[in-house]
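In what comes next, chain A is part of two complexes: it sits with chain B in the first one and with chain C in the second one.
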Partner chain A sequence: MMFSGILVNNKKSIGAIAVLLFTILLGVNIWDMCAAPANAPQLFLSETCPLLRIDPYSLWFNTLMTGCSLLYLLLMNKEIQKVGAHVAEYFGLIFFIMCGLYILSTYNNLLMLFIGIEILSIPQYILAGSDKRNLKSSEAALKYFLMGSFSTGILLMGIALLYGGSGMATGHGSFYIMDYVSILHTDALNPVALAGILFIMIALGFKVSAAPMHMWTPDVYDGAPTPFTAIMATVVKAAAFFAFLRLFQVAFNSLSAHWTLVLAVITAATLLVGNVTAVFQQSVKRMLAYSSIAQAGFMLFAVLAVNSTAWQGIIIYAVAYSVATIGLFSVLVKLKDYTYDGFNGLAKTNPLLAFTATIFLFSLAGIPLTGGFMAKYYVLLAVVQQGQLMWLVIFALLMAAISVYYYFRVIIAMYFKPGNAELISPVTDTDKFLLIVTCIIVLLIGIVPQLFLTVFKV
Partner chain B sequence: MILIFLILIPLITGILSFAVKGEGAKMLALISSMITMVVSALVSGTNFKETISYSHSWIPTLGTQFSLSADGMSSMLCLLTGIVVLVVMIAQVNKDVEKPGAFYGFLLLSQAGLMGVFLSSDALLFYVFWELALIPVYFLCSQWGGEKRIPVTFKFFIYTFLGSLMMLSGLIYLSLQTPGLTSYSWVDIVRAGNSLPPQTQVWLFWLIFIAFAIKMPIFPFHTWQPDTYETSPTPVTIILSALMVKMGLYAVLRWLLPVLPVGVAYWSDTVVILSVIGIVYASCIAMVQTDIKRLIAYSSIAHMGLMSAVAFTHSTVGMHGIMVQMFNHGINITGMWLIVSMVENRWGTRDMTKLGGMATIAPKMAIALVIISLASIALPLTNGFVGEFMLFNGLFRADSAAHISLMVIAGLGIILGAVYTLNMIQKTAYGEVSKMIIAEDLSINEYLGLAIIISIIIVLGVYPKPLLDLTAGIAGLIVK
Partner chain C sequence: MNYNIHDILFWGLSAMAVGCALGVILSRNPVNSVMFLILTFFAISGHYLLMNAQFLAVVNIIVYAGAIMVLFLFVIMMMNLNADVEPQKGQLVQLAGVISGGVLFLVILAAIKSASPIDVDKSASQIGLIDNLGKVLFTKFVLPFEISSVLFLSAMIGAIVIGKKEDTHVINK
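Moving on, here comes the complex of A and B:
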């Protein structure tokens, strides 16, 4: 993909190549899943020391996320081509992001976690600033880069502390997450390792934009070109969550008593900040940035609940949230004015766009029969099963009711306010078809979620 | 199998209706509601004794099934839904609305949701239908309602949605307590709830009850109701007041009383007191209203308050009375709203001070108004009397002395009810003749709609046995 810019000059064909490559990627993923059900799959496997450990969960996650990205590319293809001159590079960077995603979903070693996060982040810094003529875009890129490198520093610090902490008893430390299971017991706990865990939690919290590490999110999401915000807010975030869950579920499981409360407070803060601030936004794009913080609060539930339902929760949440948000962004990108008023009367000028947007908003708000409901259901189920954090569940539900307020404002603008929503790009038949397909996926997740959890069949 | 038709017919015709342009949608809705009504009559006709059920697997990993079952209470409420929606559709025949396809589509979808709520015997399914009934109503009110509709409906939606989410978390909690694997079936939920220690039941009670309390609505949770009733278009007001508030009461009887007996016992005094406050408070406010629509809205709070008070007094006769009264209140209030909409249509106002002389210029309408009003204040030989008699009977038999004194206060509600209802009749039907915009008495379809309502009022007032038989078995079961 990287080199296609040299070989091909036509923007359209670059887009087509990207779609084709993604389809191949999806195919490889599925083939991989089918090919080796019994033992560890063969592809990308380093024999001597498994820096990456590919299990069915991560493969399934990869497949679904690749699917989401393919959907994203199909919906946004034309818009990406419009952002600037370096179209091939944009697509190339998206492929880098995918590469980071695959590492994050399969890492078995903290160094790989670090590399994965970097590969995931650096293309985003560039993409955020890709609209060079726009001051806000450049600001977003710079802000993201500075804050991002800061958090990376904290992550490294955490990894180093953890390495040291794990080696205190035995004399030699370890980066392998599997080793921590045996090394870190509650009885043989040392403060260095605990500090390491805290640092890693903060750094990962930054990546998933959990409060109070969320400050960058609204500016970056708002400033970056809309097509790239769409992937930053969805697939990338899901990947960071999967990494988060993988580390805390596998490695620090036995220590959950020590970090649960900290994370619970972070979760509550994230929900509060995300939802309450979203209420006051005037721009839908900025509202979606805050809503993505709010949704992150719900996804943190999965990390909090240290049980098997959490895996199902994170996967179904990642898919439901990504698909709905990608869909919503692809509606947004068609509009001229990103404020709520810009949506006024959309139902009259373009009923299909309004209808699909309504379904996506329903899903984000968690209305039954849409994917968002099942997603929220699974993560809440996971925490209720845990049994400890009933107060957090009730708090989250209050917040979910608040979220209805700002999601429904868009619906009200589209259906019940007079106006003439202007589009900047026409809605072609292909767009219509793809939006309907996206809608159907959202409803499918809501009605038959087990379809998206086939990997959990025991 | 027959049960699934009760949901599928309105669901499918509802979706189809969105695609139909113009008058076709109205006819489609009318035909659909007729068929549904016949099916619901068949259901309630066949199950005086046994329970009909239907079940299909849905999401096995979550322990939830698509399972429906109809006992006396469910089928009675389905019959009510069938009748009320049919009457609404009949009344709509000579009216024009904007975008009829969407309007009737939403009405039918909410009917499907209501049927689902009354029939589900699986908690998760129940929740899904609970929301499915709400969302179309949200769109109906926001699109076709009166002025201030958007903020009012928004408040209503957020209020009820918050309640539903609380209920959902309560149900999840309960489902995890079921023996063996997670299960949402009613039987398992009941078993799980009963096995919980008292202190858990005490807090879990509010988690679940709050949704129902908002829906009914009982006293401090009622603030959404008068505004919403006032701004909604009449067909939606009817759906809301005749059917949706029954969802709340039904849910209390089905998903709360049997599930958390200890929690219910602990809080029953509180709920009874709140309900009684609601009765007196709503009646007092109703007395000073000049807008007929608001008057009826407040009277509905008073009526529902009486039913919810009795629901928490633990007596079989009372429970039986609630079921009878649910049906009757649904019928009576439908008639009331129909007449209000006719008045609004013909006089161009709902302000009682500007109305008058209906008996002179529209005698048929006035007769209907008087009969329905008398039924709503529970005059003997009308259906309202039977239900209210049983409710009070149940209350006086209640074991606690406090209940009896509360009941005396609640009894004031009936007197106050007579005051404001008769006052309304006096002001609208008699007195100086005010000018009509459209000078005509009942049209044929309005005549038909009211005739159905009035014949039910009188038949059940004189011979309530079929309704009593239908719900006799289940009342005893709930109390036990």
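Moving on, here comes the complex of A and C:
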């Protein structure tokens, strides 16, 4: 349904068309959601094997993420055009990323998972390297590409093992995630399938930059042109998480006793590494890269908890985190100097920019009344409902306290340090308006999160 | 124990594949590595043939052994890597590599050891023939097949974006 628009786009050149198409995409998504009957409509299926399965969760997720991307495009439009000469291609690649996102949120077959992940990743490799005059950008692209290909190999290995493991139980293998529910739900342990699950966990952990596999994140996010870092750190990551959750909730639910501990350790390591390293950063952009690792740790909670609150949690978290980070990055691109000192005295020279940035930072830190608080609340609630892993929840709260420190350093720099923050591009009225809208969304999520969850009441 | 020709071929090809794969990572000279890799692909193609999947075997040879490996060789020759210029890693890194590799090996070994063999009808399978492959590809798996075109399109655009000449002025921060 949404794919046709994507293919046509890349010939058109200006950002306005991209925005227009995104609006259409959003419209189609909403229309699709309203039109969807209670039993999920199934697309592209022959009788026996639906390759995609569209349920209310994924539709709602698609809509919200399209909304986030639209916001991103509106805020970053001018900046994207500044990166290099191939503006149309950049927008085209962002559409490809959306295509990958739609596949990842609806896949019902490991084959589709693989293709979705690849469609999501390949445009990112290119976007990371799109600023060809900057050596750091090229380094980021190369590093991301090599590490990403390696993790894809691991993913394929995991899928192959899982296929073999499922074949061992039934006589013929299967790629359908629905089949795994029945196949794996037996008393007999299936070690081959378990090894496959481990491999897939590692590969997906790489995509969401969970701790032992996080090494690429700071360099890539730091090296890539800032407008593209914004989408890599937000929408893309959310999509990878949604895929992660979908696979582990739907397919491997019955085996959760086997993988929960591994994932819990990964989560703890992610939180620790992300938060503690972020404290020591001097550049705000790099700090945001580490903070995105830390936020990934929180999102992993949703995967850990095998219940319906987890779905709500991941969606709220994805939106709250994406909107706040996109907003913060759009403030960041206006500044000349990305270090903390570059923010000194921003409140005096440009109070609105400083104020909105403060709201976004509050949200990322998880201060009540902002979206980040509700998001953290939901994912942690999901794990608490599960009843195990209380140590991890307490650990996460501790880490959230650490995160307040480095987020507030930026706020302190803006409001209390003397200085003269220099902007490289002027803040127009449209920018101001959009930033305020973004702020309002962040606050809305914090005050009435039900607004973003109503769809599940159906 | 009676061996038929199928088993002998299978074991021979397996030994060849594993031996050549070891050669790829053990040989110091990159050109030799590439040659070993080509041999590995040939051995794997042999396995495909044993499973009666001619199409897969041929494609494997044409695409991997033919196109990709030649590209590999070109790159190695252009960059003049045939000398032994591989940087040596530190002891600690080597140790960490050995440990993590060994753990991984153990996991897979444990998994395979407990795996129960299933009887697969070896020679009579028709599934790898080009006829069946085409049918499956355009009916059951038509969606992934079509969507991979999006993937390739994005890769092509990427190649253009990266390859096109822009501004030679390099900023090195």
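The rule is short, and it goes like this: the second predicted complex is superposed on the first by the 436 of 458 C-alpha atoms of A that agree within 3 Å, B and C clash if a C-alpha of one lies under 4 Å from a C-alpha of the other, contacts with A are read in each partner's own complex, and residues count from 1 in each chain.
Definition applied: a residue touches a chain if its C-beta (ideal position, glycine included) is under 8 Å from a C-beta of that chain, and two chains touch if they have at least 3 such contacts.
Bear in mind that the values here come from a model prediction, so they are computed numbers and not experimental data.
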Legend entry - First (chain B), second (chain C), both or neither touched by A:395: neither
Inset, instruction - Examine A:150 and indicate which partner it touches, taking first as chain B and second as chain C; both and neither are also allowed. - result: neither
Inset, instruction - Could you look at A:369 and tell me whether it touches chain B, chain C, both or neither (first, second, both, neither)? - result: first
Inset, instruction - Decide which partner touches more residues of chain A, taking chain B and chain C as the two options. - result: C
Inset, instruction - Scan A:405 for contacts with chain B and chain C and give back first, second, both or neither. - result: first
Legend entry - Contacts of A:195 with chain B and chain C, given as first, second, both or neither: second
Legend entry - Partner chain in contact with A:161 - chain B first, chain C second, else both or neither: second
Inset, instruction - Using the touch definition from the top, say if A:450 reaches chain B (first), chain C (second), both or neither. - result: first
Legend entry - Shared chain A contacts, counted only where both chain B and chain C touch the same residue: none
Legend entry - Complex contact set, residues of chain C against chain A: 107-108, 110-112, 114-116, 118, 139-141, 143-144, 147-148, 150-151, 153-155, 157-158, 160-162, 164, 166-167, 169-173
Legend entry - chain A partner contacts - residues on chain B that touch it in the complex: 59-62, 127-128, 131-132, 135, 139, 142-143, 149-150, 154, 157-158, 161-162, 165-166, 168-169, 172-173, 176, 207
Legend entry - Residue numbers on chain A that touch chain B, as the complex places them: 367-369, 377, 380-381, 384-385, 390, 393-394, 397-398, 400-401, 404-405, 408, 412, 415-416, 448-450, 453, 456
Inset, instruction - Could you pull out which chain A residues touch chain C in their complex? - result: 3, 6-7, 10, 44, 46, 49, 51-52, 84-86, 89-90, 92-93, 96, 99, 103, 109, 111-112, 115, 118-119, 122-123, 125-126, 129-130, 132-136, 141, 161, 164-165, 167-168, 171, 189, 191-192, 194-195, 198
